Structure formats: C-alpha cells, structure tokens
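Two complexes follow with chain A in common, the first pairing it with chain B and the second with chain C.
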Partner chain A sequence: MHLISLPIEEQAILLLAGMVLFTSFILLAQPRIVSTIHSFAWQGILLALVTVLVAYDTGLHHLYISALITFLMKGLFIPWLLHRLIHKMEFQREKDIIHHPALVLLAGGFLVIFCYSTALPIAKMSNSVTQPIIGLSMAMVMLGMLMLITRRKAVSQVIGFMAMENGLFFAAISATHGMPMVVELGIAFDVFVASIIFGIFFFHIKNSFDSLDVDQMSKLSEIDR
Partner chain B sequence: MNLNGWMLVLLQSALFVLLSPLLTGWLKWWKCHLQNRQAPPMTQPYYDLWKLFGKQALLSKNTSFIFRVTPYMISGVTLLAASIIPLILVRVPSAASADVIVLVGFFALARFFQALAGMDTGTAFGGMGASREMTVSALAEPAMLMAVFTLSMVAHSTNLSSVIESILSQGLVLRPSLLFTFFGLLLVALAETGRIPVDNPSTHLELTMIHEAMILEYSGRMLALIEWTSMTKLMIYAVLIVNIFFPWGISQRLDFANILFAFMAVCGKLMVLTLVLAISETVLAKMRFFRIPVFLSLAFTLSLLGLLSHIILEI
Partner chain C sequence: MNLIYLTLITPLIGGFTLAWVKSPKLGATLNSAFSLANVLVAAALLLEVSQQTTAGNPSSNWYVDSLSVYLIGLTVFVGFTTSIFSKPYMLHEAEVRSLTNSRMRLYHASFQGFIFTMLLALSTNNLGILWVALEGATLATVLLVSLYRTQESIEAAWKYFILCGVGIAQALFGTVLIYYAAAQVIPNGDSTLLWTELSTHAPELNPVIVSIAFVFLIVGYGTKVGLVPLHNWLPDAHSEGPTPMSAVLSGLLLNVALYALIRFKMITDSALQFSHMPHLAGFLMMGFGLLSFSVAALFLHRQTDIKRLFSYSSIEHMALMTFGIGLGTPLSVFAALLHMLVHGLTKSAIFITVGHASQIAGTQRIEKIRGLIQTQPSVGWGLMLGTAAIAGFPPFGIFTSEFLLLSSTIHTYPWLAIPLLTGLAIAFAGLFRHIQPICFGIAPEGQKPVPATMWPVYLHLTLVLILGIALSEQLSMWFDKVTLLITGSHVL
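Moving on to the complex of A and B:
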C-alpha cells in the first residue's frame, strides 16, 4: 500500500500517527517535569485527533465518543491534575535527570524497529488504513515502559505509565477500530481513579521523603551513612 | 540546451556567492529589529567584506602551508557544493556529476581543512575551536546522512535534482517521513552553520565560540574569504531546506519567464526561512557546550524517525 495512492484524510491519519510516536520520544528525553506534562497533553490531543479521523474515515460513530473521552481525560483532565499537584508541592522547576539521554533515545529507536518487525505478521492480516499503525502503537507501549525504567521521579513514572495506556488505546483503534463501549468506559474510569490515587500517593511520598525521587525509598535507614 | 545549461550553472553559482552576504545582512537586520536595536543596513556584510579585502593579510612565522592554503581550499569546495544545488532550475547539468552524499563529503572536506588550520598556528584557541568543531560535526553528520537516506528512499534517488523533481511531481502528499526529516535537517543546519543554540556567530567570547575560535588567527583577504564562505554555507543549507521541502515555484524548463519567476519564488522562500531563523535566534539562548550532544541526538532521532516512518507507514 503506497501513501501516494491514499486519499488525503488517510494520509493525515498516518501523519498524525507519526507525530504521536514522536511525542513518545519527546516524553522519553524531556527532563523538565512541567514540559513532560505538556508533551503528555499533546500526545492525548493528537491521539484524539487520530481517533476522530479514523471515525470519519471508517464511518464508525462510536469512535467519536472515545475520541471525546480521550481528549477530555488525557488532553485536559490528567495534565491539569498533574499540573495542580506540581504547583501545590512547588515542584515547578524540578528536573528528572536522565542518565545517557542519547543512549535512551537510541534504545527507543531499536524498540520501534523491534515492534515493527514483531507486528508485521499481524498487520498483514488486516487491510485497513490503520494497518501500519499497529506496530507503532506497540512501540508506544514499549517506549512508555522504557520511560518507566529510566525515570526516577514518581511524577514522570506516572506519565510513563499513562503513555503506555495511550499506546494500548492506540493499538485498539488501529487493530480493531476501538474496543466495545463498555470496556472503553471502564478503562477511562480506571485511568481517572488511578490518576487521583497517584495524586494522593505523591503527597504521601513527599511528606515521608521530602522529594518525589523513588530511589530514596530503597534506603532502609533514615540516616545517611 | 547544453551550453545554455552550463551558463545557468555559472549564473546559479554566481547568485549563491553574490547573494549570500545579502542573506546574512537580512538576517541581522531582522534580528536587530526583533531585539529593539538599531539595525545596520542590509548591505553591511558587503562593506565588511570590501574592507577586509583591502587590508593586509598577516601570517605568523610558525604557520605552515596548510594555514595559507585553507581559505582558498574551503571557499573552492563550498563553491563546488553551491554549483550542484538546484537554486532556480531543477535539472542543472552539473547535478548529474554529484549527489547529496558528495555534498556531505564536500562539507566534511572543508571542515577538515578548517580544523587543521585552526590547530596549525599552535594557539590555544585554535586547537580548542578545532576540537569543538569536530565534536559537533561528528554528531551532526550521522543525523544529516540519515536525513539524506530518508530523502533518497522517498525519491528513489540520491541525486538532488531527481529528489526535487519527484517531490514536485507527487504534488501535496502528507508524508510523516518528510516532516521529521525537515525538522531533523533544520537542527543539523543550525549546528553546521554555527547558529544560535549551538554556536553564537557574533561573539568573540573565548569560552563560547566554536567557529570563530578556529579563524581567530586569520586577517585581511584570507579572513574575508572565510567569512564569505561561511555566509555561502548558510545560504546553501537554507536553499537546500526550502527547495527540497517546499520545491513549488522552482523552474523545470529553460525559458526566461520561468526562471525569473523561480528566482522570485526562491527569494520569497528564503526570506520567510530567514525570518523564522531570526525569531528562533531571538527567543532561544545559546546552549551550554555539553548540552549540544543532546540537541544533536534529537536531530538524529528525528531523522531516524523519518526513515522508520517511511518504512513503516509509507510503503
């Protein structure tokens, strides 16, 4: 399937899918926590846009609803909540230092190649426009996981977790044109509750350790020796 | 066709060389206005070059022939590079002799001699500048080559003229690969031409300079040649970016009206690109030197993503 032969809205789907993948890479390499939250919001908004375009292209109306939910939850609500938490804890200028950012980015590139080659046989079975996106969405899950591993601060780990969820949603959109409505609402509710519980946990971690660095938690004694 | 074509190659190269100080002047003019400073006239780089050409060139006794040869070497190589880039006409006869990879090679050759000349005088600054320049370029070159590979995969050719022609003939296609490659190449161009987040072209502060440190020992007509070459290099990168990613307006036939229109079009595109550059130089600050590898690895990632998204999404 060549890109040139596709109509313009299907080209736009693929373009936006590429941009969603790029936001995953930005999340991976962005040390500032506030900017990480912004990139996460952009990822949500782009994801909602892709979903709207897929809905328009395939004529499946229930996808408009999931696009709306994605936009409200991941584009607006969760970033707003994280922002508020950061402001309350006065962590606006905090940085999550990434060791060897170039190496992490390269590893991300390898993960994309790996996921592409893994998803190739699955993608061959479908012949819709979103067929090449399956590999990308798997890569997004993997990149979220990589972000979980490489980050130290609890906030950015939560964002990595949410980015993984974004990848799963993207996979559902691209492989089967969305999940059943019940499942989708359930997941949205889960994410909503999870974000609130994470918020409460941030406060607990901050109160006990005076920082959001999860490495502090592995210390057994409170006195530095 | 053939003789006219070669005449056009000469005209194109002459335009590159003659218009590049104007491009730099235009950039400076915008920058000054954006920063609320009194702007020099746009033709100021010409006056500067004229002044430098009139001055005596001083050579230290300790320099070898490399120091003397380098200004002519790099200006010649850059002129060769300029002659193979389609500025107003797509199928120039000289484009058949060299492709994009040769272009990267030309720049590497010029850089090699410049770094050698920087070290040749034996001053501390020259060596430091050369070492920094090689560090930056060693990271920028893979990103540039990756972008070149993406372009050649999209167009099935490494020849610049064929790349531009095939992008023109496809019309408006939303390609994720070209979007990423565009931004990747933009970052590489910033690093290679020594613009602001990487190097500050208007400073002589010893801790920050890269390009200026290498040419600190030059004076007179040699300095003028090097300055002129770096202006031409900026123009080459600018033309490369606007003509590959926004090729509309470039002339595909050899007739006067078409070529005049193409000239106007490329001037317009360059003006817009330079304005964007001026704005970015105003809002961004120069990076710490140890941040540059991160900047360039972003460029590499963008180019790599361009290549991957071409393979994954477009085939």
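Moving on to the complex of A and C:
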C-alpha cells in the first residue's frame, strides 16, 4: 500500500492515528501531573478527530455521535474533572517519580512492535484503510497497562486506565467502524461512572493516607507476615 | 419477554428507591422486600423457560435460555437470602463502626444495583451488553468494598477497581475482535454481537482472529473469575468489604464471570473445530484452572484472616469449575454446572456465618476467634457444617460434583487426576486446621452471642445436602439440557 496513492482524508487518518499513539508515549514519560492530564486531553481530542475522519471516509453517520461522545468525555469532561480535583487537593505542583524512564520507553517501543506483529494476521483480513490501526490500538491498550504499572500516583494510574479505554475505543473504530450503538452508549456510561468514582476515591485516599501515593497502600498481603 | 424486563426492573427500582430511604432499618427491610419480589418474578421466568425452553426474542437484545435462566434463579435466590442476613448484620455493624445513615443508604442502593448488573449480564443476548454489565458490577461494588473507610479497605477497593478494570478491558478488546470476525460473515450490523446470531454463524468465523480474541477474553473475564495470576483483588475485596458483599461476590459475581467465559468458549470451539488446534479454548481453561486450583489450595494454609481464608477457597472452587468446563466432556460440564450451584449456595452460607462469627469475636483474625460452638451453637455448627460441605465431605452436594468431575478427568486425562486429588487433600487440610479450633476451642471469657438470622444458612446447607443425596429428576434433566447446549451431546 502506497501512502501517497491514498485519498487525502485516508492519509490524514493514518497520520492522526500515529499521533494518537505518540500521545501514549508522552503519557508514559511525563512526570508532571498537570501536563499528564493535558496530554491525556490531547489524546482524546485527536481520537475524536480520527473518528470524524473515519465517519466522513466511510459515510457511517453513527460514528459522528461516537466522535462527539469521545470529545466531550475524554477531551473535556475527564480532564476537567481531574484538574478540578487536584486543584481542590492542592496537588498542582505534584510530580510523579518514574524509575528508569529510558527503560520504560524502550519497553513501550517493544510493546508496539509486538502488538503490531500479533495484529498482522488480523489486519491482513481486509483492505480497509483503518486496518493497520488495529495493531496500534492494541499497543495503546498495552502502553496504558505499562503506565499503570510504572506510575506511583493515583491520578496518573487513573489516566493510564483511561488511556487503555481510549485504546479500546480506537480498536473498535479501526476494526469494525464502531460497536453497535447500544454497546457504545453502555461503555460510555461505564466510563462516566468510573471517572466519578475515581474522583470520590481520590478524596478517600487523601483523607486516609495524606497523599495520593499508592506506594503507601501496602497493608494487605497474600500471606501472614 | 415481559418477564425478562420485569426481572431487570425490580432491582433497578429497588436501587433508586433505596438511595432515597433515610432510615437504615426501613432500608434494610425494603432491601429484603425488593429481593423477595425479584425472586417471585424470576420464578415466573424460570417456569416460562422450563415450559418453552427459551424466553425472549432471539433476534433482540433480551433473550434467556436454559443456561442463563438457571443462573438467574441462583442469583435472585442468593440475593434474597443474603439481604435477609444483611439486616441484623449491617445494623450491628453500623452501630459498632458508627456508619452514618448516608453510608447505609449507599450500601443498600449498591446492593440492589449489583443484583441488577448480574441479572443484566445474564438476561442479555448481546455480548457487548454482557461486558457493560460486568464492568457495571465492579462499579456497583467498589464503593462498598471501601464502605468502612479504613486504610485497608481503601487499599482493597483501589486494587479491586484497577485490577478488575484492567482485566475487563482485555475482555472488551477480545469482544471487539469477535465482533470484527463476525462482521465479515454476518451482514446486518446491529445483530452481529447477538449471541444467537454468533452461535449459528460461529463455524464460519475466522479461526485465527477468534483464537487471538479468546486469549484476551480468558485474561479479561478470568480476572473476574479469580484465576491466578490475576486473582489478587479477590481476597482483599472479600476480606475488607462488608460480609453480605463477600457473600454475593463469591456466590454470584464469580459465577457470572465464568458464565461469560462459557459463552465465548462455545463460540471459540465451533470456530476452531476444523483448524489445527481445535481444543485451544479448552486447554487454556484447563491450564489456568489447574494452576489457580493448586495455588489457592496452598495459600489456604497461610491465611490469618477468616474471610481471606474462604476467599481463597472460592478461587479454588472457581478454578475447579473452569477446569471442568475446559475439559469439555458432557460429564465434566455437567459436574461444573452442578458445582456452580452447590458452591454458590454453600459459599454464601459460609460467608453469612463467618460474618456473625467475626462479630462474636470482634475480629476477623483466625487466632482470636475461638469456641464458637460454646458461645453460640447455631453459628458454630453452621460454620462447621458449611466447612464440611465446602471441603467436599459426603453427603453434601459438593462431594457429588467433585466426584463427577474427578471421574470424568480419569476418563479423559487420567494423569490430571493426581494433581486434582492432591490439591483437594491439601485444601481440605488447609481449611480444617483453621476451622477446627475456631469451632471446638475454648471460648474466651466474656464472649457473648450476637443477634443473628441463621435460617438462610441452614436453608442453603439443606439444599446442598438434598442436591448431594438425591439430585431431583427435573434438575438433572435441566442440567442435561444445558450440557447439551454447551457440548452438543447428552450426559444422561
């Protein structure tokens, strides 16, 4: 497939898809909490943009609705909510410590290669322009998981969690041009409720541990000590 | 059709109503009342399905067959008996831990909300909605795990939220892949994720995509079933949350997660039947099952918290069922289905007694709970009998199902019977070394009985006993029908 021979909107889809993946890497390496939230918002906005382009390219109108929901939820609501929460708790200047950032980024690169090769047999199935994106979306899910593992602050863990959700949405858009509407609405509702519950949790964690460090949560163990 | 809606609406109305009821006493009574109403509606649904084999429209989102309706029955029944137990228990807890009225409101509303998500997962025909419902179950229960607001409970809830969220995200990825595979053979977009459509078109699905999808699905839903190595949330959530929650988590949530896995295994099996690895799904389930079973049996020995002890026992039993379903012979599937029922009943009964036991002793630490039979014989004997049942003593039902499972293992893979038997023996010892002094030890001075409703426990145990001694013909015919649905052949 020659990129140049594709229509301009399909080239744009692939370019933006690459940028979405790039934001995943920014999330992985950005220690400052506020900047992490901003990068997450950018990821959501780019994702909505890709969805609009896919909708335009395929002529599927229900994708416009998904794009709107994504923009409102991932681009505006969740970043706004997180912002408000850390302002309330006065954590604006907070930094997350990432041990071995270079190693983490390298591992991220390997994950992308791994996911891309795993998804190759799937992507070969059809000729649609969004096929190469399936591997990228799988990589986004994995990068979100990696972020969850490497981060120590509750806020950045939540962002990792939501970035995984972004990857899943991306997978649905690229593989099948979205899920059935009922399912998509259900998932959006779940994400909405989850973000509110996460917000409640920040206060609980802060009230009982005096910080948002999840490292302090170490009372429970598998066996007697 | 209408009965399905009615089954779903009852807990939904219950949840919204209870969110507004200020008095904890009234809330607890209403909670039981809504659960009772739900039992009645579900009984009518059960009757309809037993006469017509299915209910609902197979081309709509709501459709119930003999497999799902059996779990609906179990869900509403355990939900009801647990709500009965919850009243005196939670009122006592509210006093001891000085829970505010608004937290009790949250508790009751979430209880009904959880039952709603379980029923939603079971009565839907759409595999996407199934995912939404299981994620909803996490959301409904996560604030309950941290209800007591201790450091431990918040840690447990956070772990539960993150681990289950991450796990179930993998399941959604698997579902997307299945949808992708299906979209190429089923033209109509909106009905592509319907179980009825998928199962008829399953042999045409692309085997490579389906096998990749199943790997994601077993990791995802397996997390919720409590399969090792993603089981860590389970003992924490069970031990730190309020006991009625532990009872319904163990008795219901794990079963429903396994139900999701069974559905996808059926699709995977028929999609892979002509490929070079037709038993991939079964082998994966057997492997994870056996691993989780052995790990949980060993961990039973090292527990100091009585609720953690029994949550490891839950992992062990869920692993046995996963193994049985993975084995895939009619007899082993029959055994796993029976095991689901008897384990659900026994484990919720045990958690009810454990709840009272820790109220009597004022702690959940095993070494501090002593002499239950001396202090309050009804609780002590309940715990003893429950443990005997869960450890697989004849004549309780778990003995029957484990026996069937073992004999089907010996038929197909005789060598696997050795780790199974060893594991059962280890688990047996692990339970009794802890429970024996708890029941028969000498009670510390000043230990007093607590207000307890024990009849749900004895009701559950009697049912398990009856299932062990004489499995009624109707029930065994029913399980036979479900086995036919899953494996394609009869067992009887």
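Everything that follows uses one rule, which is that the second predicted complex is superposed on the first by the 218 of 225 C-alpha atoms of A that agree within 3 Å, B and C clash if a C-alpha of one lies under 4 Å from a C-alpha of the other, contacts with A are read in each partner's own complex, and residues count from 1 in each chain.
Everything below uses one rule, namely that contacts are C-beta pairs under 8 Å (C-beta built on N, C-alpha and C of every residue); 3 or more make two chains touch, one makes a residue touch a chain.
Computed from a predicted model, the values in this text were never measured in an experiment.
Overlay on chain A: chain B and chain C fit together in the combined arrangement.
Once the two complexes are overlaid on the shared chain, A:Phe161 sits against chain C while remaining clear of chain B.
Within the superposed three-chain model, A:Pro180 lies in touch with chain C and out of touch with chain B [touch as defined at top]. Contact with neither chain B nor chain C is seen for A:Ser35 once the two complexes are overlaid on the shared chain.
Chain A has more of its residues touched by C than by the other of chain B and chain C. Once the two structures are overlaid on chain A, chain A sits at the apex of an angle of 150° toward chain B and chain C, using CA centres and rounding to a multiple of 10. Touch criterion met: A:Ile113 reaches chain B, while chain C stays clear of it. By the touch criterion defined above, A:Gln92 reaches neither chain B nor chain C. The gap separating chain B from chain C in the superposed three-chain model is 19 Å, by closest C-alpha atoms. Annotation: chain A has no residue touching chain B in one complex and chain C in the other.
The residues of chain B lying in touch with chain A in their complex are 170, 173-177, 179-180, 293-294, 297-298, 300-302, 304-305, 308-309, 311-315. Contacts from chain A toward chain C in the complex involve residues 118, 121-122, 125-126, 134, 138, 141, 144-145, 148, 154, 157, 161, 164-165, 167-168, 171-172, 175-176, 179-183, 186-187, 189-190, 193-194, 197-198, 200-201, 204-205, 207-209, 214, 217-220, 222-224. Residues of chain A touching chain B in their complex: 1-4, 8, 11-12, 14-15, 17-19, 21-22, 25, 29, 101-102, 105-106, 108-109, 112-113, 116, 132-133, 135-136. Residue ranges of chain C in contact with chain A, taken from their complex: 61, 126, 128-129, 131-132, 135-136, 139, 142-143, 146, 149-152, 154-159, 161-162, 165-166, 169-170, 172-173, 176-177, 179-180, 183-184, 189-190, 192-193, 206, 208-209, 212, 232, 235-236, 239-240, 299, 302-304.
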